[in-house]
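In the two assemblies presented below, chain A is common to both, partnered first by chain B and then by chain C.
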Partner chain A sequence: MKIKPYGDTTGDGKVQVSFTLPLADGPQAVEAARRLALSMGLDNPLVAHHQDMGVGYTFFIIYGSCRHEVDTDDLQASQADFHHLTMDEVTAQARENLGRPVVVVGACTGSDTHTVGLDAIMNRKGFHGHYGLESSPAFVTHNLGSQVPNEVLVARAVEVGADAILVSKVVTQKNIHVTDLTELVDLLEAEGLRDRVVLVCGGPRISHELAVELGYDAGFGPGTVASEVGSFLVQEMIRRRVPGAAVL
Partner chain B sequence: MQTDGPPAFGAHGSLSPHGPTAAALFDAAVPGAPAVPGAPGVPGIPAVRRLAVIGLAKNVGKTVTLGALAAEAAARGLTLGLCSTGRDGERKDAVTELPKPAILAPQGALVTTTEDALKEGGAAIETLERLPFTTPFGQALVGRVTRAGTVLLIGPGTASRLRQALEVMDGHGASLCLVDGSLDRLAAAAPGVTEAAVVATGAALGATPVDVARQTALALDVLRLPGLEPGRLRDRASEAMDQGAVTLLEGEDLVPRHLGLATAAGAWGDILAALRPDTRAVVLGGALPAGLLRAAGTEPGLAQRLRFIVRDATRVFPEPLDWRRFRRRGGTVEVLQALRVPAVTCNPWSPTGPSLPAEELWREVARVAAPAPAFDLVAGLGPH
Partner chain C sequence: MQSQLGLDPGQISRARDAARRITGQVQAYIDQHTTTSTERAILRLLDVNGVDADGVPLPNCVVDNIMAGEVAGPAGAAPRNALSRGAAYWLCNAMLRLELSAQEVAEAVGRGRLNLTEVKPVDDGAIHDLAYSLAETAVIKIRSNRQERDERIRRLGDPATPWLYIIVATGNIYEDVVQARAAVKQGADVIAVIRSTAQSLLDYVPYGPTTEGFAGTYATQANFRIMREALDEASEEVGRYVRLTNYASGLCMPEIAAMGALERLDMMLNDSLYGILFRDINMKRTFVDQYFSRLLNAYAGVIINTGEDNYLTTTESYEAAHTVLASQFINEQFALRSGLPVEQMGLGHAFQMDPTIEDGFLYELAQALLAREIFPGAPLKYMPPTRHMTGNIFQGHLLDAMHNLVSVMTDQHIHLVGMLTEAIHTPFLQDRYLSIENFRYIVKNARHLGDEITLRPGGRVQQRAQLVLDRATELLEEVERVGLMQAIEQGLFAGMKRPVDGGKGLDGVIPKGPDYLGPFPHLMLPEPLRQAHADAEASIRVRNGLGAAERGTVR
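Our next item is the complex of A and B:
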């Protein structure tokens, strides 16, 4: 099925975009914004708002009809292989099949200071009404926080006998997220640990597809809640048939 | 400012570059292969049977390099095995959404991919054997190309599974396996997985040709770390490596002292504290992490006095500044298994910044790559 954005009627393609141009406000700037919108594939662009930002910059809001459409039959949104259970169900599944909690170490690696996503997944309070992994007896969590060098993350994972490593990457300038993430995989390979941990990354610019290409077992994008990551971790552990030690 | 799009060959579905440059690259990378394309008789078995193509960054031209090697191998009558450590031959880059070059598999080639990926390319592939693992893109398998065309390679993400895949392709008669490393990962180049690695570098690494050459020189310095000469030190190091993460060899007799550490990662403080005046060498069973290199380069006299020994160059994790200081102060790392870099390829196009002048970049890269030859496959530059 081919679809377009919906504005007033189905298929009218109406969208709104906003941007700033390095031009002082005036007729020339408005025309420049309109031309840009046309090149962006918006028919009948209407400059609904323009405002001088000072020092020769102008902010624009533009309405228009998007020329492009998306064929949903063609789409293959890849995602990690798991059944999304509630955290209580995850806990029950772990209790039944693993017989011991999953030890998880998480960090924002490299220069990354943005722990909001990591905390949302790992910490008890969670995010948006979804409690984090720490809230479930199925997990023992170690949240190492921000700016953790890869080697410190690996050292900690070894120390606590981690079953899973979660890495959160927010900053993507110059593809630093890719460099940091691949270095961690290579470090785990060098240490002979790669096959022994479930390796997961997440962040606003992370897709499952990218994660897999980087050598991770799964990747989670924006809006992910803890029960999704928890479901994947437990089900992946079951798949690997890690023998259980103690009762939960 | 140059705002060039990807080069013309970047369009998916088109052929990889071919010609004298690709032939020269192949001769450098695979010595002992039949020299005459299509030579009659039984094709020779090349001296290198597993060759990795690794990149020093994303978008430096790994896939184009692999494509050129594959086309040459096919022209010379070798049975190709193709695999990737990630995903190769996809239409669009997973990060930038830019079109990627296609991988053309000749008839008779063996490929490692997944069931889901079989229908993605233009080639017809018959499944020969399912591999004992699934990837996040489906059940892994080895197949044979029954009608030439483009392929999507989906590979095992871990070195141990990659080895399994290579063994299965060997078993089905591959005379030369090419492994496309994903992004800037090095694991595909580990001795024990492959025998040599062609290194791809390019404008994605730096803003000027000199910058790119500097980064490339550093990476090659590590990749080409010297192998330990046969002898007592080598024997002792080899034994120690299997017994622990960190072992010190001490005194004239190189008596091993295991430090009881589970990993050298994050343990530079413990390692430095354990050193004695007669410690001759630090032997690492796993990684030589950045922290230890930093500490060894900072502590006066340490870099020069101690020998650091690792299994192979893929175990070394240098931060550029730490590595340069360590080297400046006379530090050296030796390996049990040296990694061969028979050739370097360079790509002047960058996805993130302006492209660089091809000939100048090639000259700069060739300077730091020597004695290995450097090639720009698209501009047709090489030592020939």
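Our next item is the complex of A and C:
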């Protein structure tokens, strides 16, 4: 099925965009914005708002009809392969199929100090009513917190016999998050540990696609809740027929 | 402002008294110790600057050199670390013996040509006099910076509160200058240069102008100077004094405070507990460091910004509000012990309530008013929502609007403007524009709303404020019973358990010797704190069985 953005009529293709141009406000700036919208593939662009920001830059809000459409038939959504269960269902699935808890080590690596996402997934309290992995007997969690060097993370994973490693990356500048994530994979491979752990990353700039490209088993973006990560971990462990699991 | 919350002044005093006693127990420890970073700050103030051939800052070279030496104790006692005499002693001894300037001594140490603890000692009295005369020069410089700030504010005018506090964070100081100038044009009253994220854990201060950083720009003295000059120019252009903020936090609190005092920063983030809880810096190190850094902030007229907002980034605001208040009390009492007056206490808090809670706005209002009424003279720092910013910029813009509304209703002083794109990227020019527009609209439109409203006695807002005060008082009294260090060990703050001898930087904490020489508290503290400090130093001498004249000898 071919679809377009929807405003109030099917197929109208309506989108809103906002951006800044390095021009002082005036007829020339408005025309520049309109031309740019046309080049973006927006028919009949309407410059709804233009505002000089006082320093030779103008802000625009534009509505237009998108020329392009997308065919949903040949789409492959970038998402890790798992059935999203509730945390209770995850617990039951682990109990029946693994017979022991999944040991999870998590950290914000490198210089990253932002643990909101990691805590939301790992800690008992979770976030916004979604309890974290720690709340389920299916998991034994070790949340190492922020600014953990990759070497320390790997050492801790070995120490506690981790089945899975979760890495959260929030802050970035000049793509440092990608560098840090890649370094961890290299380190695990160098130590011969890569295939022995389920490796997962998450954060506002992480997609499953990016994660796989970097050598991770799964990636989770913004809005992920703990039961999704939990579902993936348990189902991936079952898929791998992890040694030590009581019932396979 | 008339009390809106109907709080019992007796109960507020109870909480405050508990905090006073809590910090008093720790102050006894502080008075008997120094740290590597405190001594490096002293060296910077005595005019040691620059780096050695390997890029190591000379204050680090000098302190490391002293730390490698020992001093003989009184007969029979074990030798002690040479830093226990104070870096000023060794520096001034070498200056007098070798007839060099402070910088020349430091450079010689940096080249590996001089071992300070092996320099033959000159007369103690001469060393004392030189240390005090060098310190006096630094004190005069800091005082003149303060006067210059006052003059500029008088001439250009001080913006109305809430001050619009805007962050720049490009990693490149020159790019920061461009962004800061644009922000000032857009209405910023305060510019904060966010630090590179890992700097808090560096045990040295990077040197020179920097153009690379991660999610922020390194705090260096050269960067401070570059931004100060840019903001002075921008202040002239817009006709109001624009304040500059940086971070006196992490392992180098005192040194960065010294740099801020020398370069006329106006505000510094400075919290007595933050490094311990959120950066796993050793608590003894932090307590001693915060004391000296606040002494400098106080004397330089710098407004400190405390970090209570952090309690609410990891725990729901509804549950953790009392930890914010308890920490504010503790920060207030530690600050007073450094001679920092209430007018310079930017005690922190934040608008972080879960937006789905019924009456969440009322609770935010209650908490903001609570801080306002309990710390009436303090220029409170009010932080914007981050925890519940989801990437839905439209909802986020509304959350920011509610933050702005509470701020103007409750007379907050330092207002960090929330960005609608929080949790997506560091702000674009347009994000900052839209957020400032939001702030200005609400502050102007609701300017006197707070004056017009009387809260219903016993209503939801008053009840909420009372509950938070009750729980904060309980927490403080519990902390007093077990002691602050033990309370932190037990995880009573922010659920973080930090062992008293764990964390980073404990190896930089040194007991002061009976012959410790550190001139700055004596020159900077107001009476009666100055006398109390002198008494504390005298008690170290008494405990070591030494009279004032009897000193340890250099081995």
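Quick note on the criterion: the second predicted complex is superposed on the first by the 235 of 248 C-alpha atoms of A that agree within 3 Å, B and C clash if a C-alpha of one lies under 4 Å from a C-alpha of the other, contacts with A are read in each partner's own complex, and residues count from 1 in each chain.
The working rule: contacts are C-beta pairs under 8 Å (C-beta built on N, C-alpha and C of every residue); 3 or more make two chains touch, one makes a residue touch a chain.
Computed from a predicted structure; not experimentally measured.
Steric overlap between chain B and chain C is absent once the structures are superposed on chain A; the two fit side by side.
In the superposition on chain A, contact of A:213 is made with chain B only, not with chain C.
Using the contact criterion defined above for the overlaid structures, shared-chain residue A:192 touches chain B, although it does not reach chain C. Once the two complexes are laid over each other on the shared chain, residue contacts for A:176 go to chain C alone; chain B is not touched. Judged by the number of chain A residues each one touches, B leads among chain B and chain C.
Seen from the C-alpha centre of chain A, the directions to the centres of chain B and chain C diverge by 100°, a value given as a multiple of 10 for the model superposed on chain A. In the superposition on chain A, A:80 makes contact with chain B only, not with chain C.
In the superposition on chain A, A:44 contacts neither chain B nor chain C.
For the three-chain overlay built from the shared chain A, the minimum Cα spacing from chain B to chain C equals 9 Å.
Within chain A, the residues touched by chain B in the first complex and by chain C in the second are 174.
Contacts from chain A toward chain C in the complex involve residues 18-20, 51, 53-55, 57, 59, 111-113, 115-116, 119, 125, 128, 145, 147, 171-174, 176, 204, 222-223. On chain A, the positions that touch chain B within their shared complex are 78, 80-81, 149-152, 154-156, 158-159, 174-175, 178-179, 182-183, 185-187, 189-192, 194-195, 205, 207-218. Only residues 171, 181-182, 185-186, 196-198, 201, 213-215, 278-280, 313-315, 354, 356, 387, 390-391, 423-424, 426, 428-430, 433-434 of chain C touch chain A when the two sit together in their complex.
Against chain A, the residues of chain B that register as touching in their complex are 57-58, 85-87, 94-95, 135-137, 157-160, 182-187, 190, 245, 262-263, 265-267, 286-287, 289-291, 314-315, 317, 352.
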